[in-house]
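In what follows, subunit A forms one complex with subunit B and a second complex with subunit C.
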Partner chain A sequence: MKLLKYTIYRLLQAIPVLIGISVITFLLANLGPGDPVSLMLQGQEHSEELVRSIEQRYGLDRPLHERYLTYMAGLLEGDLGQSIHYQRPVADLILDRIGPTLLLVLSAYAFALATAIPLGIVAANRRNEPTDHASRIAALVGVSTPSFWIGIVLILIFAVKLGWLPSSGLIYPWRPPSSYPGISGHLELYYESIRHLLLPMIALGTLQMATIMRVERTQMIESLQGEYVKLARAYGVPERTILRKHAFQVAQLPIITIVGLNLSTALGGAVLVETVFNINGMGQLFVEAIQQNDYQLVMGVTMLLGVLFVVGVIITDISYAYVDPRVTYGERE
Partner chain B sequence: MAVGESQLESGTDTVADEDDVEARVGWRYTVARIKQDTTARWGLYIVAAVLSIAVYAVVDSNLSLLTFGLLSDFTFARLLPIFDHPTYIPPPGEGTQHMPPYFPLAEQSWNPLPAGGTLEHPLGTDHTGRDYFTRIVYGTQVSVFVGLVSTFIGLAGGTVIGAVAGYYGGRVDDVLMRLVETVYAIPPLILIIVFTVFIGGANIWYAVIGVGVAFIPVFARIIRSRVLSVREMDYIEAARAAGVRDRNIIMRHVVPNSFAPVLVYATLQIGVTILIVAGLSFLGYGAQPPTPDWGQMLNISHGYMHSNVWLSIWPGLAIMITIMGFNLFGDGLQDALDPRIDD
Partner chain C sequence: MSSEPLLRVENLKTQFFTEAGTVRAVDGISFEVYEGEIVGLVGESGAGKSVASMSLLRLVERPGEIVAGEVTYKGETLFGLEDGPNGDLRKRDEMLSNEEIRTRIRGNEIAVIFQDPMESLNPVFTVGGQLREFIELNRGLSEDEARREAIDMLREVGIPDPEQRYEEYPHQFSGGMRQRVLIAMALACEPSLIIADEPTTALDVTVEGQILDLVDDLQKKYGTSFIWVTHDLGVVAEICDRVNVMYLGEIVEQAPVDELFYDTKHPYTQALLESMPRPDRTVADLEPIEGVMPEAINPPSGCRFHPRCPDARAVCKRVHPEPKVVADADGEPHRAACVKHDVFDVGYDESPPLEGAVDGEGSRRTDEPQSELAANPAGDEPGGDGGE
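Our next item is the complex of A and B:
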């Protein structure tokens, strides 16, 4: 039950942050010089009256704080407003586009965790040996290379030069196979969707892999020096078991936090990777919204990305508390 | 980057309870350790090389502008990197060797897209025939300048907010930290683009400020966690008893004694900043053409992927090496400043 209390406490704590996000995005989007009305009319002949009626329709003639309160009231009902460029509800547009981004980000994390944890353990276990040095150099390169450039290089090698993998778009495994020409049956659908996902996944996941690997390595080194490992060794527990059970479990805790906090980099990186690979996700939607000066859409996407991050951090915090019995719930510092 | 942060935060609580630890702090010791540390040394070499290239590019581009009569005089103000500049288009038929193909701001030239490998164009030319090597070299100034200045903005803002929040605690702390968390929650790249476009329009100066503001939270959090332990120290108590004003206590005692871990973090942050700005420019919201900038060059070369592969390689390598330099140096500095690490 303590855990439930902690969960509620963390959720309550997130409320001011969420309100803060809405204020910041609202102010940024509404104080700027871009004028949504003239954008909508786009050089057409227009009378004062038309301008005024449009302003009235979108509530642009009212004072800022009133508009904010209306916007917030809408938010609580799940109404993110109307996209000016697309002439559709922002919420619908986001629902259309969130799937690819989630697919991309989650698979990038899966890739990062699946590679970084074994590599980190090996590096820690063979500290200061060539394997360790090699993996540290790899991690250094990983944190120093822009994700979009990794994407470009991957396309150049595997799509342009070798022609093995496609260079743009995704195939969504949740759609029926018949929606793609040339794909028959679910097996082929999954195969194609993996083929399309591979390059963007690596491009987005490399940075995560490198950061996770660095943390895994230091944590494992620290963990291997712990008293409990010494005790296990003294009892003659085989080194392999120590590595797998005793040292490993403790070392994984900080990884959970890193995964949560890095979500912000991953979501930002998704914008770039989606651009490189022409993926119709939230990132692309954001870029289009910015290009079209569609402030309602920009607000919606920014809000949602902020919320995704906050929720991600809460989930990791709670799972941390769940995994680590030493965590005291709800007390500050 | 959360990694360094968590390491720093966990590192601060257990400082100095053994005798020999005391002897391992201080500048002389730090410098000695940097000299010993291969990682830090290599980082320093790369950073020094990149900085020299940047300075060279600033001076050289100003001199070229002077030569072509685009600058009337050579003032100190012009020693800033060239961001927004008139473009020099020479009259037809005047394309001599030392003129525009090499001149990184030139808008047009005559023999677009030849491959590299020649003495004349070691890295080839871009789609308008400008020498790619020159543009890579000149691109250094934008990355380095943006990296340094926006990290400084983040550091300064974060130090003030973090120190005030940590020192006063209570409600001030609560309000400031919620604000910091809010800014932190929006992915930096997104925040910076919204800030740049809606406040100022795509322009490198707004990008610099935006990046700086977006990174205030990370610095504020580190400073705050340090200040929380520093403010309990006896010398702070003594200063307070002697009637020193809060502002002076914060500026003279609290901040200087909380600063070392932040400095390390700032070095690592320069790399992150350059990474973000490269992404920003790649999307078209950083430095605007014809200013040579690595991210923007990657954006343009993306369209010429099939005609010249290498155009997409060189700017990325330049970004990678620069960031790697700052990261190596930061890592080395961290080891050197952390008295607990011993190998």
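Our next item is the complex of A and C:
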């Protein structure tokens, strides 16, 4: 099958990219300012010997390229090294924290798509009418307001003033209800989980929503002016079918690209939103790792974000190939 | 030819209300289409041919609007206005509603073939899927029946391997093949009239010839009437039975095809003929029409062709000629709108020639791009058809 071949081809293409990411991250983490050993000793009295033994234990005394190769060998076995600060394997730390971040990012995207696409279509269909102008202003505000600020304002309004929604933390729907005090039964767990997710989801998703909405509007306008739409009209296709099928299908292609490429902004935004809402996700882990100069952890998290981004791009490409028949799978027909 | 026409257009006016002013894209045209004939609508780009043909289906896009006239098809009023109680114009009661036009006329009674086969098919759906959708919609067939019909029709228009091609996407077809698909689409809906809007303009000459032959054959077989919109008199000569020549929103000459070519009455038609490449003429013999078509937003006074007309006299600037029967070809009228042929003597013969009628209008040439735009507000005939 062509699509399968294409998928494998794209995955193979990702390997050099990932190696590149690993080299750069490794260099940045190891050559950056700050010395992990002295940080570990936290200004305690220490002898030269102690320093050397710590260096030996973490392999810090060996030349850079050797350390890189060792690291990569470990990586292939799923060993991301040991966090100096937490004294735990980096892989374990990441596994603990990735759930909340994925939950947050995916729900933010779901929110953005579910709102932006209908709004964009309405704006396109009522071009230059008040609805369109309102949506344009909303989009402008959405694009230019930082997510953490939106988060703070949402907390102030919905948590502090109105008291409708919790202001911090997440409830994870995949954990047993018993792990949360005061929650009995799965229904309540899901309910609480959604209540906790709502504000951070909106805070993180607003930027995506604004971007997608504008692209959707432009694409729909262009698509609605296409000759194929004129043809459909001339053959008596109802206007709503044209809007929902003929024009819509063509207009969605660029949306896929936007979603894929914005993954990096979304992950970046997640760091801030997690901090504002006090969510124990990858974002907070990353901030702590940098503050503690925990270079193993910094590397692990960066690698993972790199991988997530590359995977996002690959999924984008593949879905594009799936939706757009004109994509020729990198080969001439 | 039966006595009652299939389609009758009377005094149709379509205008575009732009910020720069009102563009009178179609300004009072009348013509008929009888059963089984191919009627040409000829003119340079911007003459209003496409707007006129789209007006018949009430498919004029904003800011365009049909403002006057009457379109009757098989006895039904596709468009018609009448005087209201306070002297205003209102839609006639028997005029079909938007919904009726869409469900009963578009596609199943009057189908269209557009100019650009590259853009007319939706790139993300299979060719077969698009055919099937329109057939299902317009003939009320089931999915399976429509599919069979679509494949038969693809075979009919000369597409090899129709079963396999049915599943393919438009980008896998050549330009000529796509135009065949569009012809199949039109015929498969079994309309009585097909509006073909410059359907061969985007194709090269060889493919154009093949398509014209195909249409000729299919037209004979199915007996469908055509309105053939084109800027190319060569195509007209090959395919049309009767011709309407349009200039700046008006029909200036109307005649059976042989009459038009051998007994040309209107100076504009004459000019078009002289600018047309023919086997018996070298390129050096071609005489392009002087000047460019003025703006339909502010058409010249009197006869609209007078700034470019080699025969123009002073009277042409004053008097607006109405189409008049100037000859009779076996009972079929030959009409022309030119004071030279006016039955009421308006004094053409005594009138002095217009000084520098052609070159004196130099200012028109400097605003050539705008004039093209203004005469062409609805994106009429996109892609420039090289007709001027």
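Here is the rule we go by: the second predicted complex is superposed on the first by the 330 of 333 C-alpha atoms of A that agree within 3 Å, B and C clash if a C-alpha of one lies under 4 Å from a C-alpha of the other, contacts with A are read in each partner's own complex, and residues count from 1 in each chain.
To be clear about the criterion, contacts are C-beta pairs under 8 Å (C-beta built on N, C-alpha and C of every residue); 3 or more make two chains touch, one makes a residue touch a chain.
Everything numeric here is computed off the predicted structure, so don't read it as measured data.
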{"item": "Superposition on subunit A - do subunit B and subunit C clash or fit", "value": "fit"}
{"item": "Touched partner set for A:V250, first subunit B, second subunit C, both or neither", "value": "second"}
{"item": "First, second, both or neither for A:L113, with subunit B first and subunit C second", "value": "neither"}
{"item": "Partner chain in contact with A:V323 - subunit B first, subunit C second, else both or neither", "value": "second"}
{"item": "Subunit B versus subunit C as contact partner of A:L231, first or second or both or neither", "value": "second"}
{"item": "Dominant toucher of subunit A (residue count), subunit B or subunit C", "value": "B"}
{"item": "Partner chain(s) touched by A:I98 [first = subunit B, second = subunit C, both, neither]", "value": "neither"}
{"item": "Angle at the Cα centre of subunit A, taken between the Cα centres of subunit B and subunit C once the superposition is applied, in steps of 10 degrees", "value": "80"}
{"item": "Smallest separation in angstrom, by C-alpha atoms, between subunit B and subunit C in the superposition", "value": "6"}
{"item": "Interface residues of subunit A shared between complexes with subunit B and subunit C", "value": "333"}
{"item": "Footprint of subunit B on subunit A - complex, ascending", "value": "16-17, 20-21, 24-25, 28-29, 31-34, 128, 140-141, 143-149, 152-153, 155-156, 160-161, 211, 214-215, 218, 254, 257-258, 261-262, 264-265, 267-269, 271-272, 275-276, 286-287, 290, 295, 298, 301-302, 305-306, 309-310, 333"}
{"item": "Contacting residues of subunit C [partner subunit A, same complex]", "value": "57, 59, 102-103, 105-108, 111-112, 114, 116, 119-126, 133-134, 137-138, 169, 171-172, 182, 185, 189"}
{"item": "Touching residues on subunit B, where the partner in the complex is subunit A", "value": "1-3, 6-7, 178-179, 181-191, 193-195, 197-199, 201, 228, 271, 275-276, 278-279, 282-283, 285, 295, 298, 302, 305-306, 309, 312-313, 315-316, 319-320, 323-324, 327-328, 331, 343"}
{"item": "Complex contact set, residues of subunit A against subunit C", "value": "226-228, 230-238, 246, 249-250, 253, 323-326, 333"}
